[in-house]
Structures are given as structure tokens and as C-alpha cells.
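Please go over the structures that come below.
One chain, chain A, links the two complexes that follow: it is found with chain B in the first and with chain C in the second.
Moving on, here comes the complex of A and B:
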């Protein structure tokens, strides 16, 4: 049996998973939509991964989770490592592109830039209060234009005269886009303009004040859009590399962090068949009214968070468990 | 019968509480402080405030309201200028009038400071003191005692910072106004998170105002806001001695948005991030940013150690 490591990256839109061997080679990969249900998405990812690895030859000995649902996923999988997505992405990308100096990343609801020098991340920035210029913005504009977002790239590449779209704010971009269509701009040009607006917005907000040097690697769901890739190349004057596994870098990174952590506990894909339930409840013990989340494994308390003080967790835990108990008794 | 004065735990409270508490204490006036910020206070503040005001002002109104029926008076100063060629942020100029017109059923005590126009703190605060104590000399003595206690307290804070800076381990400077840094809902979760992860926090509270003004000039000669000058002074004084800098800004702060931009261009070489807090903030987003910031500093330190060994 050789050792293997599992990395799971649960984002707002998509859930990604990889199994790697001790050399960091990817043995299995999975990518699917989160659909607002991270636990179910993780179970489906596990099913896809299990089908790709030879269970008699390799054994998963360490698990890492990342992404916005990393804590929940970490509890469910009993992960050895729970890491933020910025570090995970930097580690994953550096393992594939050791010479990278700038990482662009545009995901479903956030966008970030990581500056790397001599193989070490030295600076990063993330979008602050506004989600303009992220993947969900592109999807909603695609719906408005009635063009599948997957075809955006082709449309953009056909354009010779990209339309100028105000990309500062999603609301204004949308009204501007409608206006440009009404006065007669072509669909291809509008889509190309939208891609350029995303890039302009990204470089002016997230990338503001950062020294963008090549080699540049672009990842996250939006990197699959060649229109945006071209717009980045035009705006930065650098070649933009997009890895085929670009969407898996977070999962790969956190699998590598799990491998290097030295923490090992045999992991079973059988966790797929275990029932997990989450309960969110306001504590109401004080004016803060913390929203406490509790994870139940087969009806028993597994983990919880969201409380500012230990009393909050106890209150909600007792309440929830009492409820679950009475429910179980009624059955 | 003892009179009571309410102190809203917001805005200038975090800077002047020792001054106020000592002053009123010496006059036998009891002070009542509003509780630590919580969601109910913020919710009430949002209800009372005009939409466009910044989060700290919303919290301020919530705190004023929390003191209703808890004290005979509520103290809210009106600070216009603290030195020639300087100005305070408009919220300090307007806080008294905003509170008077937004929060029903309260009695306010105000004092003005407008140094540019010859209105100074001592006679103004003494005027407030005379509401409770007719003996003018006794009031002036109370003020002088309070002012020296305030200085002693702030000098001690500066010393404590130096002690933190002298300690080994990872140190991060958090640049932000006292009313953000020390607020239970705004800065406190950040400072606590850093502490839990083994990071020593150096705050941008810098009380040697003369030195702060000189240092601030190195960054910009044109910044007019007094309290921002103190932040700049702290930045110049501490930045070479910390491993990272966090700029803590509340939405939508005008002075800070300009200042932070200016500072981030200035601190090249030291890892720095900006955290923007608003009334809808999620702690998950903050944690991601803070965790990765700590990772980044650690990676840098590891590399420096390797380079050093070579």
C-alpha cells in the first residue's frame, strides 16, 4: 500500500477534490457544483475520487480542506489540515509553476492576486466589499444576454471592436450593457467589452498598487474564459498561463499541505455513507445573538462554531441535542 | 444627591476616558459607561443614523441610546480643531448635534475644542464641571488633576508598546483609529484572532503628539486630520520594527480611504493588507484574510532565516 493524500476545496459555486501520491502527482480529480449544499457536494466528490483510485494499492492517510466551507468540510472529513484558500492556492500553483511571480485568481464570489517572489508568496490582496468582476457577475450577465457563459470566450474572440462597458459596479455595468445593446452594439463586441471590463476592474481594485511581473498564472473558474485571458494579456502585456488543472489548485495545494504536515490518520471513503446534519441557531443568550452552527454526525454532536463565548456553544448544543433526542424518541 | 454623567463607549471615549472619568470623579460626579458594543447596540444605531454615515457613527448613536434613562446627562464633545492648520474629522464636529437631533429623550453635556479659533479644552471642560460644582477653583483643580492622569496613562501605553516591540516573535502593527481598534465588534475580534495565533499586536495609538506631527510630515505634509496624523506618526515610528501591517478601515471613511492608499504605497517591503469593516461584515472573510496574512509573514520569515544561514 502506498500513501495518498486527499485535498478538498469547497467554494461558493464549485467543489473540487484531488487525491495525490507522495510525489504530488494527481491520482484522482473531481470538480462539480456546490449547489448550496457543501456536505452533499463533498460526498459526491468523494464518490468520484474513490472510483478513480485503486483502493487496494493506495491508502489516504491525511486530509486537507480549504475554501469557504473548509471548516464544515474539515469537521465532516475529520481533516488533519484546514487551510485558508489563499495559502492553498499559492502552494498548489507553486508546485506546478515554480517560477511564477504573479497569480491571478477569479472565482465565483471572490477574486484575489498573490504576488510571489523567488518561490515565496510575499503579498496578496482580495476583493473587499464588492463582488463586481467575479464569476457570478459574468454568469448573471450571460443570463441577461441569453448566451451560455461557457461560450463567452468564443464570442469575445470574434469581436474586432470591443464595446466599452462601465465595469466599476455590477449594477452600473448591467444598465450600461443594456444601453449599449439598445443603441446597436453587436453581441460579440458587448461580450468582449464585458471581459475587458472584468479585467479593468480586477487590475484597478484587487491588483491596485501591486507589481505585476511575469510569469503570470491565471486560475479560478473565470480562467476558463479565453475572452478574459486575452483581455488580461492585452492589459498587462504579459503572456498569461492557464493550467488545465487551474481550477484544482486549491485542492492540490491543501493536499500538499496535508502531506507536509506529517499528521496521519487512515481515512475511509466510507464517510460518504454517514449522515451529517447541520443546525444553525441564534444563541439569544446576550444582545450579540451569535449565529451558532452545530454539525451532527448520525444525530450526535460533532463540531460547532460561530459563538463568541463558550457559553453560547453550550446553550445551543444543549438545546439542539435535546431537540434531536426528543425527535429520536418520537420515532 | 449625586448626579450621573453617561459616557458612550465609542468614538473619543477610547482616547479620553481617563480624562473624563478622573475629572468627573474629582467632582464627585458618577460616570456611567455604556456596555461593550453588541449587535443590539449596532442595530439601534443603524436605525437612528442616516444611511450614509460611517459604521463608527452608527455605533456611537447606538451607545448614546443605550445610556438613555441610565444617566442624568450624556457627555458628547464637539471637536473642531486641536491645532492650527489641522482639523478633526467632521464626525467629531457633528457628533453632539447629530446625537441631539437623532436620539430622543436625552440630556447632553457638550464642550467645544476649536484651537484655531481660540477655544481650548481646559476652560470648556471646566464650564461643564461648573454644572455640578459651583466652586470654580475646585473645578480647575479637578481638570488639572485629570489632565495629568490622562498624560500619565497615555505615556504608560506608549511604554507598553515599546515593551511589545522589544519582545521576540511575530509582531503586527494594526493601523486604525482607537474607536475601531478597541471596539468589541470592530477591532477586538481581529486583535483577539491575531493573539490566538501567537501574533503580538502593536496598535497605532501613538500619544506623543508632537513627535507624531513631525513624523507624519515625512509621509505627507498635507494631511489635515489630527487623528490621522497620529496614525501616520505610529506608522513611521513602528513600521521598521514589525513583521507586517494591517490597515483597519471602516466603511465608508473618507479620510482613511485616502490615508490608507497613501500609506500602502509608502510601506513597500513590509507585508501589508487592508481590512474594510462594514455593518454587514462576515467573520469568515476576515479569518481567511488574517490567516493567509500570517502564513505570508511566516513564509517570509522562514526564507529570511534560510538566506541568513547561507
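Moving on, here comes the complex of A and C:
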């Protein structure tokens, strides 16, 4: 049996998973929507991954999680490594593109830029305030225009005269877009304008003050949109590389970190059949009212977070477990 | 004169929190010879009530101050103290007073405008307590300053070492005990004794300092730097990640460079800024840029720049800081604070920042690393990395 490593990246919109071997080669990959239920999404990812690997030949010995649900997923999977998505993306991308000097990342709810020099991340930034330059902005505008977001790229490429659209803020962009449509701009031009607006917003906010040098790798869900890729090439004057596995870089990165951590515990895909439940409750022990989250595995306490003092966790844990206990007793 | 007294005595005096400085401020307030009502400890409720009654686009210190006032008034305070500041903060007292009056509270307010000099404010204090003399006020001021110095020295030691404690919470325990004792000290000798005794206790705490430890300096706007609740306890979060944390904006330092020495201090900061500042940026902006440049020269691994969202002086500073960061490949993490209380975003950014600094450190031959360390003369370098 050879060793394998599992990386899971649970974002706000999509959940990604990979299984890699000791050389970092991807043995199995999965990509699906989170749909507001990270635990269920992870279980579905596990099912897809398990179907792709030969259970008799390889054994997953270490697990890493990343993305905004990394703590919850880490608890559920008993992960050896829980890493922030910025580091995971940098590690993942560097393993495939060792010469990269700038990484653009636009996901569903956030966007980031990572500056790499001589193979080491030296600077990064993340969007701070709003989602104007992210995938969810594109999806909402796609709905307004009644065009599937997957077809955005083709529309944009057909445009010869992209419409100028203010990308500073979702609200402004939307009213600008409606106005341009009403005075007679073509759909293709408006979509190309939107792609340019996303890029302008990204470079002015996330990329502000950063030295953007090639080679540039662009990833995250929005990188699948060729319209945005072209707009980036126009704005930066560099060729933009998009990896076929670009959406999996976070999962790949955290699998590599798990591999290099040296921490190994045999992992079973059977965790899919275990019932996990999360309970969020306000502590109410003081006016701070910490929102404490408890993860239960088959009704028993597994992990929890959100408390600012140890008393908070004890209070909520006792309350929740007492409730669960009485429920279990009644059954 | 900008003091309005409550309609009737007895006066119950209160003032906003900022870090643990309520300890020396209480000592000063005692000279007014009236009951002191400390606002309750900062909680999410403080921020909620403060933000609810504040203009949306005002900076976060305003909202915390207002929350402190409301919670103090609820506890029975009727005389509030507000100090000035080097930015629009200087006008906050007036606005907060108007908001609180609109809310129907009956109270008096002492507004200390025009800097830190005692003789400018003695008139206001004497109206509250006619028995107060300049001599007594001066004595109290000196004592409060000594107490502040003890506080700042101890907390500086904690910041630099807590990240390496062998037993979790060891530093916090000693720190808490120190605060309790310092709060009761009312003469120079006791204060000095408490300071040196607790410094000894802190030094005796077992620590393990790794070879590759990170040294990070924190610069930025003074309120979010000094009030841990408002910066989501960023110093503790860094310590948890094994970081030696340095901060230079403290009340002791501010007092030391106030008054007549203020201009000379600014000139010195500008002179030591490697030409990244050529004139004063207002409030703490000059210091943010100059200290960042100096820390880079001292070989620090990175700098955190904190500001309330919309803080004009620090926005000014950021333009220079971004250029400095780019030209020297020196890592600076910019963080804006507003009324959000979720720590998740902050933790993600801190994790990534610390990971990044460690990855840089593991490649000592890296050109980007060598640049920006000790050896460079101010103004002479342009990064080629």
C-alpha cells in the first residue's frame, strides 16, 4: 500500500477535494457546490474521491483542510493540518508553477493577490470590504442579464467595443449596467464591460500598491471565465496562465502541507457515514455574548469555538450536551 | 473653558476606557474628590450601543467612546471627561455630548482641549473641585505618569515574551495580578517597587524562544493600537503564533514627546524616515511611516499597520508605506477596523502573514531578504529584487 494525502478546501460557494500521492501527483479530484452546508458538501466530496482511488492500493495517511470552513471541516475529518487559504493557494500554485511571480485569485466571496519572488511568497492582500470584485458579483449580474454565468466568457470575447461600466461598487455597477442596457448597448459589449470592471476593481483594490510581474497565474472560480482572463491580459500587459486545476490549488496546497507535516494517522472514508451536527448558541454569560459553536459527533461533543474565555465553552457545552442527552434518552 | 457641570451635586465622574489606562486616569480623577464610576468592561454590547447612536461613517474610536459613556451613564455617572486628539477626534467631545443630550441623558462634561499641558486644564478641574490646587494637581499628574510608565514597561515586556511561554496563560496571570496591585498604589516608592517586583516575576516565567522566532512591530492609529478590544486582541493573537511583538505608541511615549518637544520629535521622525515622509502627516501618520522604516532597518520581519476604517492621517501614511513595502520587499499587513466583531477574517490574515514571514526566513540566501536589512543607508537604495 502506498501513502496518499487528502486535501479539502471548503469555500463559501464551492467545495474542492484532492487525493495526492507522495510525489504530489493528483490521484483523485472533486469539485462541487457548498450550498450553505459544508459538512454535507464534504461528505459528497469524499464519496467522489473514494470512487476514484483504488482503496486496496493506496491509503490516506494525512488530511489537511483549508477555506472558510476549514475549522469545522478539520474537526469533522480529524485533520492533521488546518491551514489558511492564502498559504494553501501559494503552496499549491508553487508546486505547479515554480517560476510564478504573481498569483491572482478571485473566488465566490473573496479575492486575493499573492506576490511571489524566487519561489517564496513575499506579500499578499485580500479584499477587505465588499464583494464587488468577486464571483458572486458576476453571478448576480448574469442573473439580471438572463445569461448563464458559464457563457459569460464567450459573450465577452465576441465584443468589439466593450461598454464602460463602473466597477467600484456593486450597487453603482448595477445601476450603470441597467442604464447602458436601456440606452442601447449590446449584450456582448455590456458583458465584456463587466469583465473589465471586475478586473479594474481587483487591480485598484486588492492589487493596489503591489508590483505585478509575470509570470502571472490566475485561479479561483472566476478564472474559468475567459472574458475576465482577456481583460486581465489587457490591463496588465502580461500573459495570464490559467491552470486546468486552478480551482483545486487550495486543496492541492493543503494536501501538500499535510504531506510535509510528517503527521500521519490512517484516515477512513467511512467518516462519511458518521452523523455530525453543529449547534450555534450565544453564551449569555456576560454582555459580550460570544457566539459559540459546538460540533457533535454522533451526539457527543467533538470540538467547539467562538468563545473568548474558557467559561463560555463550558457553559454552552454543558447546556448543549444536556439537551442532546435528554433527547437521546427520550428516543 | 469647555466644561459644563451637572445640575446638582454629588458629581459622579466617568471617562472612556483605553487599554488599562483607566488605572492612572482614575488616580487623576480622584483629585476631583467625587465618586468615580468606571464604565463596565468593554463587551460587544458596548460597541452595539455605541454604534447604534453614532454617525455611520465616523471612526470606530468614537463608537467605543460613546458606548462607554452610555454604559457609564446607565451605572449612574453624571460627569463625563473627554480629551482631544490630533485629528477630527479633537471635535468628538462636542458631537458625543450633543448625541447623549438628544438621547435624554442629564449630565455634565469636561472637555480637555488643546493638548496635554496641565495648566491649560486646571481651570476646568477647579470648577469641579474648588479645593484643587495647582500644586496638588501637579503632584497627582506626576504620580499618574509614574504609574503609566510602570504599566507601559510591564506590558512591553509581556508583548515581547508572552508568545514563548511554556505554560499557557502564565504571563496573563502575572499581568492581571500586577494590574490589581498597581491600581491601589498611591506613592512613587510603591509604584517603583511593584514595577520591579513584577518585572522579576515575569522574567522568572519559563519561556522557550525558537531560533526562527518572528519579530513584528505594530504601528498605526493610537486608539486601535492601545485598546485591545477594538483591535480584536491582535497582540495576543500574534503571541499565540510565536511572535515577539513590539509596539511604540504608548501613553508614556506620547507624554514624553508632547508639548515643547513635540515639533522636535516630529522633525526627528521625518529625518529617520528614509525620505518616505517629508512633512508631518497629521496625528500618528508620521510616526507610522518613520517607525516602519526604522524597524525594517533594524531587521524586523514585518510590520502590522492598524487603523480605524476611514482614518485620514493613517490613509495618508499608507501611500508611503505601500511604496516602502514595494521598494524594499518589506512585508506590511494593513488592517482596517470598524464595527465588525468576527475574528475569522483577522485570524486568516495573521496566519497567512506569519506563514509568509516564516517561508521567507527559511531561505536566508534570498535576495529579497537581504535587501532592507540593517546595512542600507537612508535614501540610497532602490530595490531590484
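Just so it is clear, the second predicted complex is superposed on the first by the 331 of 331 C-alpha atoms of A that agree within 3 Å, B and C clash if a C-alpha of one lies under 4 Å from a C-alpha of the other, contacts with A are read in each partner's own complex, and residues count from 1 in each chain.
Everything that follows uses one rule, which is that a residue touches a chain if its C-beta (ideal position, glycine included) is under 8 Å from a C-beta of that chain, and two chains touch if they have at least 3 such contacts.
No experiment lies behind these values; they were computed from the predicted model shown.
Asker: Look at where chain B and chain C land on chain A after superposing the complexes, then choose clash or fit.
Answerer: When both complexes are placed onto chain A, chain B and chain C end up clashing with one another.
Asker: By the touch definition at the top of the document, which applies to A:286: first (chain B), second (chain C), both, or neither?
Answerer: Both partners, chain B and chain C.
Asker: With the two complexes superposed on chain A, say which partner A:36 touches: chain B (first), chain C (second), both, or neither.
Answerer: A:36 contacts neither chain B nor chain C.
Asker: Contact-wise, after the overlay, does A:121 reach chain B, chain C, both or neither (first, second, both, neither)?
Answerer: Both partners.
Asker: Is A:210 touching anything from chain B or chain C once the two structures are fitted on A? First, second, both or neither.
Answerer: The second partner, chain C, only.
Asker: One more residue to check, A:266. First (chain B), second (chain C), both or neither?
Answerer: In the superposed model, A:266 contacts neither chain B nor chain C.
Asker: Given the touch rule stated above, what does A:237 touch, chain B (first), chain C (second), both, or neither?
Answerer: A:237 sits against neither chain B nor chain C.
Asker: Residue overlap on chain A between the chain B contact set and the chain C contact set?
Answerer: 68, 83-87, 118, 120-126, 128, 209, 286-289
Asker: Which residues of chain B touch chain A in the complex?
Answerer: 35, 38-41, 251, 261, 264-265, 271-274, 276, 278, 284, 287-289, 291-293, 295-296, 299-300, 302-303
Asker: Where on chain A does chain C make contact in their complex?
Answerer: Residue positions touching the partner: 68, 83-87, 90, 117-126, 128, 208-211, 286-289.
Asker: Give every residue of chain A touching chain B within the complex, in rising order.
Answerer: 68, 83-87, 118, 120-126, 128-129, 209, 286-289
Asker: What part of chain C is in contact with chain A in the complex they form?
Answerer: Touching chain A from chain C are residues 40, 43-46, 319, 322-323, 325-326, 329, 331, 334, 336, 344-345, 347-349, 351-353, 355-356, 359-360, 363, 366-368, 385.
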